[in-house]
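Two complexes come next, and they have one chain in common, chain A, joined by chain B in the first and chain C in the second.
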Partner chain A sequence: MSELVLSAWSVVSPYGVGSAPFSAGIGAGTSAVGELDRAAWPGPFDRCGLVPDFTAAEYVGKKGTRTMDRVTAIAVTAVGRLLASCGDELTAHPEQIGLVLGTGSGSVQSIMDFTRDSLVGERPYHVDPARFPNTVMNRAAGQSAIWHGIKGPNTTVAGGWLTGLLALSYAVRLHRGGHCARVLCGAAEEYSTQRAWLEWHGRGVEERESPLGEGGAVFLMETVADAREAGRTPLARVLATRFRAYADRADAQKTLAECVGSALDKAGVAPEDIRLVAPLGAGAELAAPEEAGIEDALGTARPRWIRCRPLLGDTSAASTSLQLAAVLATAGESGLGPGEAALVTGIDRDGTVGCAVLGGPARA
Partner chain B sequence: MTTTKHVDAEGRATIKGIICDILEIDEAEMTDTSRFKEDHEADSMGAIEILSQLERAFGIDIDQAELARMVNLEGVVTVVDEAVAAKAAASL
Partner chain C sequence: MYDNDERPRRVVITGLGTVTSIGLGVEAFLEGLRAGRSGAKPITAFDTTGFAHANGCEVDDFDPAEWIHQVDPEELGRATQFSVAAANLAVADSGLTPEELRRRRALVSVGTTDAESRDLDTLMGVQLEYGPDQLAPTVARRAQAGRLSTGIIRELGLVDVEALTIPTACAAGNYAIGSGFDAIRDGEVDVALCGGADAVCRKTFAGFYRLGTIAPEVCQPFDKDRKGILTGEGAGILLMESLDSALARGARIHAEVLGYGLNCDAHHPVAPDRDSLARCMEIAHRNAGVKPEDIDFISAHGTGTRANDVTEAGAIRQVFATPPPTISIKSMIGHSMGAASALASAACALALTEGFIPPTINHRETDPECGLDCVPNEARPAELNVVQNNALAFAGNNAVLVLGRYREAE
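Up next is the complex of A and B:
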């Protein structure tokens, strides 16, 4: 079985479009959550981690973007920047490149707006047909591939906060099954008044005020041999992903500890080799058991912690992909060092936990 | 120019705005007789969008068979005018 590495990445985040502002922001630990323009973004929140000045017309182009919604534009932008950073050779065989993209529910704004038009219009069919594609949850993944001419398998994955990790796991299986030579994998989430209200009503009282964020991250996954042949530095090997479920919140900590322990076993990584840990840190009641569960699994190891949530806001489905990007940003241009490893984790409020273990080159 | 009884200059401007928005062109590029498909690179999806947006804007129904006549601004204004007239007659 050929192991995959992450060899390039691209981010659209509340720090701005591109990996440079993201790396600078994560490195400095400055929060990108700011005041929300309440006239443009009515709803329950007055603070948000919004991608600054982001529009489809500005970043994707004026042509063909009239009806492109925000999450699709974020995904198309992130994928486009990733491809641009890799050069033309990457897309020389577009049918051999898979795309696995995580999303929350697609664009809930698009879904609600379209439904509303049908209900309040003079006739139920007096809707804008060009906006219909926005109402399906695989719009962002499909449009990203169409826009950039990627013709391999196209998959949309949704799994709450764990979406990015689930997409990573799916991408590994897609490649292992021989369905593509390389995979672009990531997740995207948009801010909208509609999503804000859904979150507001769906959250418990204790976490209700926590600001939302938006953004997307996409990674190129390929074999070490392919990366080297293309002149790309393998930044991290994808050593293991693991998922577990808990029925009672009191068991979340234990469940995550087991999950991480199992992933480390599979990866052949000792706890003291973990240099970086990027937890989800979601919600008042889940952040503490998450960190405690990680500490239970890592024992006396003292890794560096990268906490994205306070910096970016709750980026929902994009969260764990942005955590993964934060690990690569922190590891730097040469990636994880020999024998070094990193851990990305999450506990979802709906009863799932998950993690990914990444590693540098094997120790010589 | 075809004489229209129900679509005034303002309505005509609305129609032109809708079409130019969908075709992603400047209004200056479009004349009364420039053809959407041949001159402005419209595809079948664009045609359906134009029909549907006009239905929404004017609160009218346009049969898809009318797409055959909706090849330029002049043709669209005529079709909309007839649909507005049909609506007015139906509500009498």
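Up next is the complex of A and C:
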């Protein structure tokens, strides 16, 4: 069994399209959350982490994008930029490349607009057939595959804020099961007026005002040998993912501490080797237990903390993937150093916690 | 790929939980499959005024309070209610006590097409009438795809668990079962609760209706006069564990999971691709270590649309010199979307142990373009060893699962 490394990544974020603005923004710690143009984006929020000037026509192209929704355009753009950065060799055997993409519930805007058309149209079937596939939640992953000719396993994963971590775990399992030679893995989320209203009503009062964000991140996962052969620097080894559940919010901290402890054990990483920590930091009631749980697990270790949430807004299903990207952005072009490790965590309001442990090359 | 010196664990199905329009619980489902029962009837989920015809296959006798014990059913959308009920049924069927289950490291993966789009329909109705500031918080909160799997965790009180929802549309059930298979095979988890769930909703009905693919009365896969699909609903959850674990606790084994294959046409958003589907079957056979001639019957995706049935039959003929009997339980339970391949997997497991091939009902005359033995109208007794379950989805996502009969003497 061969361990997987992350060897390339791409991001579409409120800092802009591409990893360069993302790295600069995360590095400087400047927030990308700004005023929302209320004419273009009516709804309950006046601030948002919006990808600036992003449209499908602008970034995917005018041809064939008339009905492409925002989350699909974000995914197609992120996957396209990743592939472009890797060269043609990567897709020489497209049936051996898997694509695992996380989503919240697809595009709730596309889904609910379709229902609206059925409810208000002259006939209940006066809906646009070309938009029907947008209402199915594997649309972003499927269009990314169609657009870029990726013919291996194509899987959509959903799990609230933990989506990116679950996609990572699924991708590792898919590879280990022999279903693909390499796998592209990440998550995408769009800002829409409809998502904004659902979040507004679904959230507790204390976190209701917290701005939303959007974006996507996609990673290339391959074996060290494949990365070296292609001339790519392994940026981080995927050492462990772990998940646990809590029934009572009072147990969230303890549950995350156990989860991180178990992941460190599996990874064979000592707490003091953790150099970077990127927590989710979501929800008024869950951010503090998350940080406390991490500190419980890491003991006296003093890692550098990367807090994405205040910088990007609540990017929902894309959150943990963007945290992972922030770790790679911070580690830089040569990746995590020998013996260094990083931790990405999340606590979801539905009672689940998760984390991933990444490592640099084993110490000589 | 596995190293040669590693011995992956064998994976078996020891619990089945089924919520279907032809019966709740595995015994009722089995009885329905044997009898060739039809779940088709007029849709009640939404106001069907304005549609010239609106039959579907709804689960019409489902009282959530009867099947869900720990979580308030109000906090769960209809698809999650099905998912949680099916998980409870699967655990009960496996003979594992909840305490034993909680002590094991678990994976929960639930496939879906629409997740809680039924709730999203409702919310849109409210929004049109009263405005977007009047949406019910409980409904907004529960209308999330992730809930289909986390609902099971909450109901069963699982702690050491990874839970993911796999919204890979109409092939999602097989995707979810495959992920559980890989996790157990590799020793990553001790038990997996995997399958799929969906609820009938206006959005999906209107979309298929607009595409001209909704049959006016019944679903007739592979029939020369077939007229399309009937949208359906339900959930199928399989409890899987390693063979050693099942033997150690003396569990009844429904079937062994031999392997599965996935691929993507990467060609068309809705039209299936024959060559790509054929390749997916070949991948599944290779992964499962079987040859085409080993397959005793195929549970087809078999939606009853012209495009699907001809393409799927063509792919089968491409892979099989002599195609085995090929049936579609969608003739009985309609197209239950993300639950479809999970329920079909459950049907395959039952067929293996009970020794029969479920029928394709509503059948009058086989379409010569399909040219398959679809076991018309009546179940057929058969000694079965290996069966194949096909699933296709929008976006060209194919998933083929291979199950085998477990024999103690082996």
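Everything below uses one rule, namely that the second predicted complex is superposed on the first by the 364 of 364 C-alpha atoms of A that agree within 3 Å, B and C clash if a C-alpha of one lies under 4 Å from a C-alpha of the other, contacts with A are read in each partner's own complex, and residues count from 1 in each chain.
Here is the rule we use: a residue touches a chain if its C-beta (ideal position, glycine included) is under 8 Å from a C-beta of that chain, and two chains touch if they have at least 3 such contacts.
Remember, predicted model here, so these are calculated numbers, not experimental data.
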Considering only touches as defined above, state whether A:62 meets chain B (first), chain C (second), both or neither. first
In the overlay, answer first, second, both or neither for which of chain B and chain C A:123 touches. both
Does the superposition put A:95 against chain B (first), chain C (second), both, or neither? second
Identify the partner contact of A:4: answer first if only chain B is touched, second if only chain C is, both if each is, neither if none is. neither
For A:32 in the superposed arrangement: first (chain B), second (chain C), both or neither? neither
Output check: A:149 vs chain B and chain C. Expected answer is one of first, second, both, neither. What do you get? second
Between chain B and chain C, whom does A:236 touch in the aligned arrangement: first, second, both, or neither? neither
By residue count, which of the two partners contacts chain A more extensively, chain B or chain C? C
Set of chain A residues, in rising order, touched by both chain B and chain C: 123, 125-127, 129
Chain A contact footprint on chain B (complex, rising order): 21-22, 24, 45, 48-49, 52-53, 55-56, 59, 61
Per the contact definition, I'd like the list of chain C residues that touch chain A in the complex. 1-3, 6, 48-51, 112-117, 120-121, 123-125, 127-128, 132-133, 135-137, 140-141, 143-147, 149-150, 153-154, 157-169, 172, 175, 178-179, 181-183, 185-186, 188, 202-204, 206-207, 209-211, 261-270, 276, 279, 287, 393-397
Chain B-facing residues of chain A, complex: 62-64, 66, 117, 121-123, 125-130
Chain C touches which residues of chain A in the complex? 1, 43-44, 94-95, 99, 103-106, 108, 111-112, 114-116, 118-120, 123-127, 129, 132-133, 135-139, 141-143, 145-146, 148-160, 162-163, 166, 169-170, 173-174, 176-179, 193, 197-199, 201-202, 241-247, 255, 348, 350-352, 354
